[in-house]
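Two complexes, one shared chain (chain A), two partners (chain B, chain C).
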Partner chain A sequence: MKITKQAKREAKQLYRLCVVKGLLDENRVRQVVPRVVATGGRDCPSILAHFLRLVKLDCAEHTATIESATPLPADLQTVVQTELTHRYGPGLTTVFAQRPELIGGMRIQVGCDVYDGSVRAGLEALAKSF
Partner chain B sequence: MAKLIEEIEAQIAGAKTTAKQNVGVIREVGDGVAKIDGLSDAMLNEMIDLGHGVTGLALNLDATEVGVVVLGDYTQLKQGDEVRTTGKVLQVPVGKGLLGRVVNVLGEPVDGKGPIKYDKTYPVEKTAPGIIRRRSVDQPVQTGIMAIDAMIPIGRGQRELIIGDRATGKTTICIDTIISQARLNKAAETAGDKGYRQLYCIYVAIGQKESTIARFIAALEAAGAMPYTIIVAATASESAANQYLVPFAGAAMGEWFMDNGMDALIVYDDLSKQAVAYRQVSLLLKRPSGREAFPGDVFYLHSRLLERAARVGEKYGNGSLTAMPIIETQAGDVSAYIPTNVISITDGQIFLETDLFYQGQRPAINVGISVSRVGSAAQLKAMKQVAGHLKGELAQFRELAAFAQFGSDLDAKTQAQIDRGKRIMEIFKQGQYNPIPVEVQVLVIWTAQNGYLDQVPVARVKEFQNKLTEYFTTRKGELLARIGKEKAISDVLKADLKAAADEFKQTWK
Partner chain C sequence: MNALTLLAVVQGDGQVAQIARTFGVDWPHLVAQIISFSIVCAVLHKFAYKRILAMLELRREQIRQGIANAEKIKTELDKTETQRQEVMAQAHTQGAKFIEEARAAAARVQQEETNKSIAAAEQIMAKAREAAAQDHDRMLAELKREVGKLVVQATTTVTGKILTAEDQRRLAEETSKLIMA
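Here is the complex of A and B:
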């Protein structure tokens, strides 16, 4: 789908309207989508496509994915959550996942930032250095 | 034991991988360009690790995406692949280890002669030397092409544009210049002349056929010029991104020589193709287009590249980087967008004409509109003495010759001027890959200016010139050596030249 500059601009305006105090307001997002659909404009699908992309990017930015080879104990989870909230501010959703291929250690991704302290990453770095 | 423990600790510290990384995801990829979501920390011109051993260059930094040109095989990449920043801007290896080698845009060897030894890299995009570091041009680049050395002299650190239609001999001029430098370098090495500043050459091939490049390499090898030359190539089969970046990579290699107090000459063959490649990249990155669909910063593309050519002051190493950009015109139109841009950036231009080429005037230099704005300060005094008025005389000759076409009767003086002009034009004809030493050039022009050619039929001028050169090289070598040594024609030298030329004239039939 070709998204015109006008559609991108309008989607961005809608997205800004949904942001309250630096955080995306889910209720506003829920209101925006049916309203745009109801207008039935020609650009409606492309506006919504771009709006969806912006919402996805926002969600990714405010989601911390913590991966480890084995499940993390509850106290460690709390420590990690507190540290991340301290660094990235409130409104951060944390998701804990298990990835055995990491072998050991932890991999945390918040938006574009990755903190990879897994054994697998260490081995890969070591392999690259030779 | 304590040392061993320290070493292990250092290695463990180096192997730590918890450092923050910045990643993104490929949203779309095609035509050598990838759009990436994420990469919020990416810098402009930063190398992006696209995975599969492929590197990209971040060129567009938008709020929600990063536009990356792929410097490799983009067919391996797919949507959803994770990519990461490297924290490094694009760099190429530099140093003398590159001499005699053919490399690609990343400085990797493509000549099958094994890996290149280097201990330093330079960023491809670098700010040009500032005003304080620069000094004016005062040393010549002997191209070995008589018409250029006599009338459009080039100095070390100058930017001289070679402009003309296709197949008019633009590249040949540059190859001749490279061969000439190699001969001078070699002669200085053989003579043990430590005062001579060697001039290393870098030939940047942009969007050319691989067969053409192979031909140039063969010509340079045959002339023994490769040990002093680096060839940086982004051929027609390579991506537009490579073709756009290759002149910058070449400039970085040349800058190393300049920064280390040496002299280098860089040939960009040609910048029209680079502009076209840059237009392609810009259009794929959806940058707004301007005149002839070129992006708005196409002038800056060439100006920032050519500004890197400079002569730096003694305090800063006394090195230089001379640039010879080539521009291909369409049907002799020098007023097109890219030619006018580059003309305005450079310190002069050598204009080649198709008509002259097919009339047999080779190199087909149009002396009337070719200029060198700063090179005369660097010209050899002897050459200045013999060729100082040559440009004006030839301009007069062209005017008179055009007038004489109407068939009107001419007075003796006018006829003599026309005859002299025809002979001078004849001596400026020169075969390709055959640069002439500056002493011989001075001698030939001196004989023409002193009327030794006036009695020689125009058709036999070249023959006279060849015999004269042979006579002086074999029998009067010391006179040629004196021209080169004294660098000026004194009254004594003039008398000796006259005696020798008279002697030769008697033997000439």
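Here is the complex of A and C:
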């Protein structure tokens, strides 16, 4: 699907309408989408496609995926959440996951930022150094 | 002239006339024959004999010139032979000189070619040494890579089994410190 500049501009305006105090308001998103569908314009699919992309990007930027080889203790999870909030601000959604292939350590991804202290990453770096 | 004298003597002497008659001498005919013979002699002398003599003289002169020319030619031939000998000797000397120079040039060229061959051989040897060194480095790097892979595989296999809960916690804490770094 080809998204025109006009559709991108309108999708961006809709996205701005959904942002409240720097955070994406889920309720507004739920209200905006049916209204756009109701208008039935010719650019409706492309506007919604770009709007979806922007929402996904926002979600990714405000979601922290924390992977560890073994389940993290509760106190350590709290510490990590606190530090992430301090670093990226409030409204950050944290998702904890267990990945035994990391062998040891932890891997945190927030949007494009990755903090990889896993043993797997260390071994891969070591393998690349040879 | 002698005939006229004889005629005068005969006229003056009767016996002579008688003898002449006895022998059948007809004086007018004799005189006419003498005159005609004289004329013929004069004509021959003037138109034949002189020309023949001149021709003979010319031939004689030509023969003399021919002999002189032959002498001259012989002299020239001797001179030319001497010059030829000199030229031959000179040519022989120059030929020997050229041969010596050619030998020297050939020796020089041979030496140059030998030097070039030695240089080329040294260059080939240097390239071969360089290629061998590169191969050695490449093989060493490959060996290092393979050993590294084996080390990583071994570490991957072993590490998960030997990491304790404390180790896992310590590693997680180290990662959390990266966030604030």
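Details
As a convention for this text, the second predicted complex is superposed on the first by the 130 of 130 C-alpha atoms of A that agree within 3 Å, B and C clash if a C-alpha of one lies under 4 Å from a C-alpha of the other, contacts with A are read in each partner's own complex, and residues count from 1 in each chain.
Heads up, the rule we're going with is that a contact is a pair of C-beta atoms (placed from the backbone, for glycine too) under 8 Å apart; a residue touches a chain by one contact, two chains touch by 3 or more.
Just so it is clear, the structure is predicted and the values come from calculations on it, not from any experiment.
Considered on the superposed chain A, chain B and chain C are sterically compatible, since they fit side by side.
By the document's definition of touching, of the two partners only chain B reaches A:Leu54; chain C does not. After overlaying the two complexes on the shared chain, residue contacts for A:Leu72 are found with chain C alone; chain B is out of touch. More residues of chain A lie in contact with C than with the other chain of the pair chain B and chain C.
Shared-chain residue A:Pro45: touches no atom of chain B or chain C. Of the two partner chains, chain B and chain C are each touched by A:Leu126. When both complexes are overlaid on chain A, the residue A:Gly111 reaches chain B alone and has no touch with chain C.
In the overlay built on the shared chain, the residue A:His86 is in contact with chain C alone; chain B does not reach it. For the pair chain B and chain C, the minimum alpha-carbon spacing after aligning on chain A is 6 Å. Of the residues of chain A, those at positions 115-118, 126, 129 touch chain B in one of the two structures and chain C in the other. Touching chain B in their complex are the following residues of chain A: 53-54, 57, 60, 109, 111-118, 121-122, 125-126, 129. Residues 68-70, 72-73, 76, 79-80, 83-84, 86-87, 100, 103-108, 115-120, 123-124, 126-127, 129-130 of chain A are the ones that touch chain C when the two sit in their complex.
The touching residues of chain C, when paired with chain A in their complex, are 144-145, 147-149, 151-152, 155-156, 159-160, 163, 165, 167-169, 171-176, 178-180. Every residue of chain B that touches chain A in the complex is listed here, in rising order: 15-24, 37-41, 64, 84.
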